[in-house]
Every structure is written in structure tokens, then in C-alpha cells.
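Okay, so chain A shows up in both of these, paired with chain B first and chain C after.
The block that comes next holds the complex of A and B.
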């Protein structure tokens, strides 16, 4: 079984030890969790430190906001620092509504209590328990319950920095001022703090990860309408990546790319390390998608430190939101269509899905009857 | 969903009504204005496309003291040295005005007859920013705007939809375009497609057939699109002849009626054996089985929300 724990390497080996991170098995980089274990596994373990993760928003921003909350909540549980910069929307609104981690400690204690009480699976009573949960509070990758909010005290334990961009800043010298101000503010927060990349690797440094989140970046609230607007965005992402490479930060940027032209979106994707798009279903009638809430499309995976990037088993991914889990699954073909041929009632739905065409399609009235 | 939005059951800070050259959205806008006044709001009305008195006449109000009219129709560019000068930010001075007003209380609503003129003179992103600020103003409970999608590029409509909480798109029942360009009244087969985003993020989509009566009250009933007419625009396809491969066979693969009856009478070998078993079982156990189930603590019930009404 793959060991997800962080193994303590000897100090001579030059390993940096930071809690809440894991060393990648593919390229040796330090990874942080996105807050959603299934997304972590699709990305090859998590988001690499020092990279920019782009989340392309779904049209109504329901799931992208949720993913941002998971990312921040994971930061709180791992004890990382948080930085949120948003335009005209109060960042505290986001920080006050983080989901609560499903408590692993209480389940562990109840498991020990019921050790001798297994009524149904009594034959497994004597088998050794499979310790899937590890000792230590902040292990990698947690599950969150979105119906309850995280305790404020937990959130306040972390190092919180937020930036709210209002009119006074943006109407300085044109709209690109907003971007410059954000970059300056971020650099100020990082300089001479625990988040700066250490020059020398000495074993006794207190290093921590700063999670930088830019929700609804490049929405109409952030920028002007001029044709060079995309250049400002692209320049910002370039500088952000440079800042990220030189510090211990993991950036999550969400952009409503459906508002931009294809060429512009291609330029944006070029300048980030990982790009994932969410497409939510609203009133979807396709029975193949019945149990899912949307599709997850991977446009770019990080290729840092290696020639070949991590490739998941399949790129056809769909997600489903449950109260305590956000699940991402590989989509597989539905059961063989010949099942529906014998059912007369399926005629209508099949007509909607597969309009009659001369070539192929499903022939519902089989004349051959053995 | 439309009626819930109108009555205020569903809170929506920014409502965008989209119409095009074949549908007329101003009657629906009037219906929203009327219901807002009925709920006791101070209404700020921005008229760009029709004279304010014309708009108010159709609202059938007993007293219009609650309506503050901002007339941008009579003299938009200020040729007569009028008040309504259509500089970009004039429309949005309202934000600061509302904050200054003390008598208004917290029940102010804004109705904008059409955004087209403002969008033509200002950049769409700055209009979006101002509208966003207006909708988030603590005192304004709702802002309703009319947008003509055929007068602007798609990008503008997309951006406005992005910042709005509810988008109501008016379509005609049949997908074949009408040739006449007259402003048809909404009585005639208009469908409203509502996409409403609740505050907790959940999105609802509904299609309803809308009828607006002369006193600006709305009747909406859910509408299911006829699948055949949707695909083909009302023209029915010819049924394709079923191609069967048995056309060239020399023997008959079908069963006659008599043969089918005989087949159904045939008893399968397993049926006999199971019937014998059934008789034995009935004899041995008196009352059948009972299952006692006690869920362990680690049993996970289904976490999904079947009614989609839980607030996450």
C-alpha cells in the first residue's frame, strides 16, 4: 500500500520538513493537499509548493466557491497560513464559512469501544485492525462536512492575511493598478517571514506554507474592458508564478474562463502550472450523468522538476458532491445498450438522446426474435 | 420559480430580464415593479426607453408616493439643459444617494428600464462593477434590470449574467423565428427560462409559460417542451423504414400465434424443482424469517440530499 505519511529523512539528505505536506513520489517536490482527497489523487498527490493552480469556474460559481473553501479549510487543519485577496467582496465572508472537518478522533475512539460488539461482521472480530488513520493530528488529506461551519477559534489560530480591493485602489492609475497592488501586498507578506524560501537549509528552521487564494480572479469586477486587459491578467499571472517559485506558497486562482475568448483562455493556461475546469450540470437530463453533479476537465498538469508529468488513468472525470465528501470518479460507459432494447418504456428517452439517424443508432424495434 | 421571485419568497439581489427582438420584457419588468411596491419598498425607477408616466400608468397604483422617477428618456444628453444628462456615472450616483437618504430605511428597490443606453456609453465591466456595488448595498433589497440581448454582443450578456443572482430569459414557444418585428404582447406563447442562484450557491433552472394580465400581475405555469417539435422546429420527420436483415431469408424466424401459446405452456425443468422445494419449506418453518438489524456506529447513511432543500 502506498505510504502517504511523511517519512523523516536524515538532515544530511537536505529534506525540508513542513507539516501538512508530503513528498511527491513522482518528482520529489513537496505537495500540499487541495482539501479533497480524490482531487489530490487525480493530480498526482496534491498541489506542488511553489506552483499556481488554476481552477476554471463553472458558470454559476457554485462548485468553484466550494473548492476554494475546501482548500482554505485544509490550510486551517494543517496549520498553514492563509492569504485571500478579492475584489469588492469581503474575504471574511469566505473565511467565516469554511466547512468543518469530519472528526476522525471521535470515530477512532468509538471503534475501540465497539471492538467486541460486532454483531454482523463477527467473523472479523479477531482479525488485526487495519490502521488506515495515522497518528498525529494533521495528516495529509481530510474530509469536510459542508453542512457545519468550522469553529472560528480554529480559523483564528492560523496566520490570516486578507486583502479587499475596493475602489480607492483600483481607480488609481488605470485598472492594472489593482493587479500591481495585489502583487506588492503579497510580496510584503512573504518577505522576511516564515514563508520565504530559506537560503541555507539548516535543520532548525520553522518553515510553514502560505496558501494564497484569489477567488473570482479576472471576473468583470477585477478588470477593465479594454482590449489589452488580457495582457494585464497574463502579466499578473507571470509575476505571481515568479513570486510563487521563490517562496513556500501554493496558489489557487479561480477564473471564470467562460467569459473569455478561446485564445485568451489559452494564454492564461500557458502561464499556470495546473489547470482544471469544472462544468456543472443544471437541469441535465442525460441518464449517464444522473448521479453526478458535473464534469471535471483537466487541461494542464504540472511538469516541474521532471520531463514527464503525472498522468491519471483517465481524463473522463465527473464529480459528485455529498455532505461529507466531494467525490471525483472516472466515468465509465453505462451498461450495454441492448438492455434498453427490450424495454418499451425507454423509447422516449432514447429518442431524446439519439435522434434517429441512418447510420448506427439504437434500433428499438427488433424484428429478430428467437 | 418565477412567482416565487416576484412575491419575494426567493431572495435575489440582482434580477436580470433578457429579451430579444421577438419578445417584450418590459411588461415583466412592470410586474416586478408592481410587486416591489406592493411589498412596501421605495422604488427608484430609471426610465430610458419609455416616458415614466407611461410606465407608471400601467402599474395601476393608488398612490405613487413611493416611486422616485429618474427620467433619462425626455432629455438624455441634456440638449434642453435638462437634468437627465447621460454621462456614464449618472445612473450610479444612486448608490451614494441611497446611502445619504435617511427616510428610505432599508427597503429600497431599483428598477432599470433598460441597460442598453448605459452599456453603449460605458464599458460593460464598469457597468458590472457598479451594478454589483448597488446590489450589495445594504439598503437595497432588489435591483431589477431589463437587457436587450440583440443590441449587444454575447460577451456583455455573459458578464451581466455572471454578476446577477437570477437571469430570466424570454423565448417564444416555437423555435421557428417569427417574421414580424412588431412588439408582440406577452400574451402569446412566451416562455420564461429562469436560472436562479440561491445565496448558498445552489442553482435552479425552470421553464415556465408566462402570461401577464393587464393589471401587471403574472400567471406562470410550468412548461414542458414538446421533444419532437424542439428538435425539428415543428416539422415531423418521416418514419424511416425499418431495415431488417430477414428480408432475404428463405425460412421464417417468427412464431405464429399458436406456436407462441404452446411456448408459454411449456414448463421449464427448474420450475418443477423449485415448486417442490417451496412446498417443503412451507412445511418446515412456521412463520418465515425476521431480520434484526442494528446499525454500527461506523455505518454511513446516504449523505446525499434527495430533496435538494438542505442549506449547505
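The block that comes next holds the complex of A and C.
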């Protein structure tokens, strides 16, 4: 019997259903939510199961920590297992400050207020995906209020494993083996619990997802003194991918990539499946960016089990941290192709924006005359 | 299998490229869809294929190639396809750690691929796989990954040379993928140039210079090196391509001033 984890096929014993996941509309992969509905829609529904999601941190790690907390909170509300391995901060500190899930009724009233503003049409993307409740299966994607913390009792209900990498643990031949130690520990946790890929298609098996979070990975605390650190990081990510492909896990790794050289970052990006960078505005903000707090740059989108991947409508994304939530929006609509539409305002904003790489720009080169 | 690509390159089911090395290179994008093309192409021609995959799991290739009309699972059961799971081998060696001496005949010597950080074991395994067959295809996904994992540039150059000799002696074809955004150490010969030296065909994939477009996904350049006969000028074939789930559409670049 073929392995069923990534693509949902109508099997004899009924379809594989894991709570807190949804089947992607684009390629049939099982997805888990990141906790932020707007980020989910940009990624094509969520993070595919069995993949590694790299979040390239902003310089002060303020927003990346917030995204990590959202990811963990979503795991708690969906009933998934959690695994956190951290060298910098005590995982419990992170877990004590998760955003609190809000109920449907309170979000609906706040949505109505937002509708009156009608700033950007894509505000509607924040509407909940599932209007009808699925019997027995918890909803996909929840709403959170970051001004309140989640109850500790909720966090304790789920299957939580954490690893605090401190100097007290002996890693073997030196600090370089911190990576190896972490991976061995993770693999052991997966083998001991029910997170391995189901070999036979027995419909009665209770499958669950483990969310693996490695905050502030590859920061200077993780790395030893030797100059070939990038090889250790690459090796770890390669083996993490091997583990992920064989288990029911979704990994979130946050790396401060601004500390690394461009070529090293390119190599790291090759070994993950999805790569998203947060660039927060610091210092004087360009007035073009209005109320946003930073840009969200997509460097890589997951291409698993197919030749093509999902592509969002536009790559110009910006994020904003409101009092109770974090949202991602399209900065401006893609340019209208028709000749009559006035594009003067668009050209001004395009000039003011930072120059982009070849694969991300939306600016129309005037030489094209299709 | 991508028909249009075969037409451009002059390949067909009866005219498979043999005895050659084909290099697929990309710059800031992912050209692994071409690997699926070669997989489907050679399997349809009933050749033996060795797939040494280090970047993705076997299921990925299986499902992606099923859209192209070949069933990798069935080919593997028949014996037409040998899949070397370097991804899992690397994990096992990383976790287990120790390097014991195993006989070369066992499949487990793959596990100690990264033992001395050279690719000798991998070469021996590949050689053993194509030993008694003619017109086989070896696909290695991908070569830049080894550079990231710690193999030195010099060792990689030696490996490519050995593979080239293997192709010429055993009459098989070697296809590999190289990501060009790897910055080489200047004091040693660049591995990309070394691969280019041995490759008879190079397919280079890049994004469009004018930026991202939904309809045209990038530029594909086919470079052919004719080793027999005398040809004074071999133009590179530059095409724009569009990738869909089942096919690759090749489009003429056009005469717009942005392109020329």
C-alpha cells in the first residue's frame, strides 16, 4: 500500500483525517496552519506536512518571535504535539506567553468595524475559511488575541517536549555536536510517540502532527568555534529534511540570516522547503509604507510532489502589528495591463521602493511592448 | 517527458543521448523539473536508470513523474530503476555516527558515504549499479549539495572526472544538477567550470531579467558541445519556457528590445 501521508487518496478504510490539517486545493498535500490566516493564504493554505519552513528573522527578532508564538499557539488549539529546542531562551518562557485564542463571535464584531474602513479588498481574506463546523475534527485556522496570554492549562493538555541546550549537557566531541544532539533527540521523540509516517493504511490509526520549532536556530550560541559552521548547519538541515519526509511533522526554523554571508544564506535556502523573510522597518520609515511595520519577502515556496508550485497573486507583501493581531497584506495591486488605466501613482511608489531581485519585481520595464 | 525540449535538442526515443554527461544548471531558481524529464524520457525508452537522490525523497519523484506518464514505483519493482536514497543514508550516518568497515558489496556502504568527506564510496556504488548494462542513465540530485555538506571542491572535481570516465567506458549517460549561486573558493578550480568542461550538453535555467511573470517562467539555454566532426560555430539555443504540471512549453524569446 502506498504511503498516504502527503497526498490524500480515497482509501478503502476511509480518507486519512488528521485534526488540525486540511488538504491543499492545489496539490493534495496535507497542510497545517501557521496560526496567521493571512500568512496561510500567501503560502497556499498553510505549511505542508513533512516540510521545513524557514523564517528569516528580522534584526531585533521582535516579529519572528511573535510568528513562532502563533505557530505554537495554533498547535495547542489544534491538539498537535509540540517540540521546541532552543539554545538561547528557555522554551518555557516562550510557551508561557502564547496568544490567547478568541472565539468566533468576538472576531465577527471586530471584522464589521474593519469592513467599514474598506482600505484594501484583501481584508476579506481574513474571514474564517470554514463556515460550517466539521463534526469531530477541530477547525483549521484559529484567531488569536496577542494582548492576552493563553491559559497554561491549555498548553499543558497537549503533548509537549522541549529541549534546552545549555552548557550542562555534554554533546560529545565538542560544541559542534549540538546540532547532532538536537537531531538525535528529535528523532528519538518521534520514534517514541505516534508521529512516524503510517506504513500501512489502517484507517483506525489515530494520527497526529508534531510541530517542531527551532527558534533562533544557527545563532552564535549554536555554532562552535570552527570556521566551517555552514557545513554543520547544512548537514543538520539536510538530515532534518530526511526526518521530516518520513514523519508527520511540520518544522518551523527561524534563523538570523542577516548574520550570514549571502552565499551561505542561498545554500541554507536550498535545503528548506519554504523560506520567508521578515524585514522590519527601522529608523526613518518611507512614507509610502503608510501604516505597515515591515515587509514580508518570500524567497522560496514549497514544491513538493509536483512540478509546479502555488504562487500568490503578488509578491509585494507587508505586515502590520495591530494591538490584537498580526496581519499580512498585499502592498498594492499588480499593475493593470490595459493602456488606459492611469499608472502615475503606481510609478511613483515603484520608484521609491527598494530595488528588487530579478524574481521579485513587479515594476514594469518600459522597454516591453507586448 | 517534455516533447518540445527533445525536439530542440534533437533527442528522441530512438536517439537517446548516450556516452555523455548532461549538466543542468540554474541560477536563483530550481531546475529540478528537468531531472523529472530525463527520468520519464529514459524510462519510456526502456533503459535502465539509476536515481541517486539526495535532495528529495523518492515519493516526490514518484508523484511528480506520474504526471509525466511513468510509474516509478513499478519501474523500481521491475528492476528498471535503482533508487539510491542518499537522503536517508545521510541521516542514518549522521545519527549513528560511527564509520565501520563494511564490505563494498553490501548496500549499506552507502551509509558511510560521508565518512571521509569524499565521494569515493558513492562512485563505487554507482559503478556497481551500471556494471553490466548498456545505455544506462545515472541521475544525481544534486551536486551542489555535496559542496554544502563539506566535500571539498577538489574532491568534487575528481568525482566528476571519474563519472565522465565511467560514462565513456560503460556507455552510459550522467545527468546532474548544479546550482550556480554557490560561490567557489577562488584558489581551487571552480566546480561549475569543471562540470562544464566534461558536459556535452548543458541546460541552463534562469529567471527572466525583467522580473517575475506568471506566463513566462524563465529562460532556458541549451548549450551543445559537439565532440565529433568539425563545427566552427555552435550557437546556444535560448528559449523562454513555461512550466505546467504536465509539460514544458518552450517559447521563442521574441524580438522585443528588452530581450535582444
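The working rule: the second predicted complex is superposed on the first by the 277 of 370 C-alpha atoms of A that agree within 3 Å, B and C clash if a C-alpha of one lies under 4 Å from a C-alpha of the other, contacts with A are read in each partner's own complex, and residues count from 1 in each chain.
As a working rule, a residue touches a chain if its C-beta (ideal position, glycine included) is under 8 Å from a C-beta of that chain, and two chains touch if they have at least 3 such contacts.
Everything numeric here is computed off the predicted structure, so don't read it as measured data.
S.K.: Where does A:256 make contact in the superposed view: on chain B (first), on chain C (second), on both, or on neither?
M.R.: After superposition on chain A, A:256 lies in contact with chain B alone.
S.K.: Identify the partner contact of A:65: answer first if only chain B is touched, second if only chain C is, both if each is, neither if none is.
M.R.: So A:65 only meets chain B here.
S.K.: Touch test for A:267: chain B only (first), chain C only (second), both, or neither?
M.R.: After superposition on chain A, A:267 lies in contact with chain C alone.
S.K.: Quick one: classify A:322 as touching chain B (first), chain C (second), both or neither.
M.R.: first
S.K.: Using the superposition on chain A described above, determine whether A:242 touches chain B (first), chain C (second), both, or neither.
M.R.: second
S.K.: Just checking: does A:219 make contact with chain B only, chain C only, both, or neither of them? Give me first, second, both or neither.
M.R.: A:219 sits against chain B, while chain C stays out of touch.
S.K.: Touch check for A:305: first (chain B), second (chain C), both, or neither?
M.R.: Touch partner of A:305: chain C, not chain B.
S.K.: Quick check for you: in the superposed arrangement, does A:234 touch first (chain B), second (chain C), both or neither?
M.R.: The answer is second: A:234 touches chain C but not chain B.
S.K.: Once chain A of both complexes is superposed, is A:23 in touch with chain B (first), chain C (second), both, or neither?
M.R.: Touch status of A:23: no partner.
S.K.: Please report the chain A residues shared by its interface with chain B and its interface with chain C.
M.R.: 356, 358, 363, 365, 367-370
S.K.: Touching residues of chain C toward chain A in the complex: what are they?
M.R.: Residues 28-30, 33, 36, 54-57, 59-60, 63-64, 67, 73, 87-88, 90-91, 94-95, 97, 144-145, 148-150, 179, 181-183, 207-212, 214, 243-246, 256-258.
S.K.: Within their complex, state which residues of chain A touch chain C.
M.R.: On the chain A side, the touching residues are 2-3, 6-7, 180, 183-184, 187, 228, 230-231, 234-235, 238-239, 241-243, 245-246, 263, 266-267, 270-271, 303-308, 311, 315, 356-363, 365, 367-370.
S.K.: Considering the complex alone, what residue numbers of chain A touch chain B?
M.R.: 59-62, 65-66, 88, 107, 110-111, 114, 117-120, 146-147, 219-221, 223-226, 256, 258-259, 280, 282-283, 322-325, 348, 351-352, 355-356, 358, 363, 365, 367-370
S.K.: How about chain B: which of its residues touch chain A in the complex?
M.R.: 123-126, 128-129, 132-133, 136, 155, 158-159, 162-163, 195, 197, 201-203, 205, 227, 231, 237, 240, 242, 244-246, 253-255, 293-294, 296-298, 303-305, 310-312
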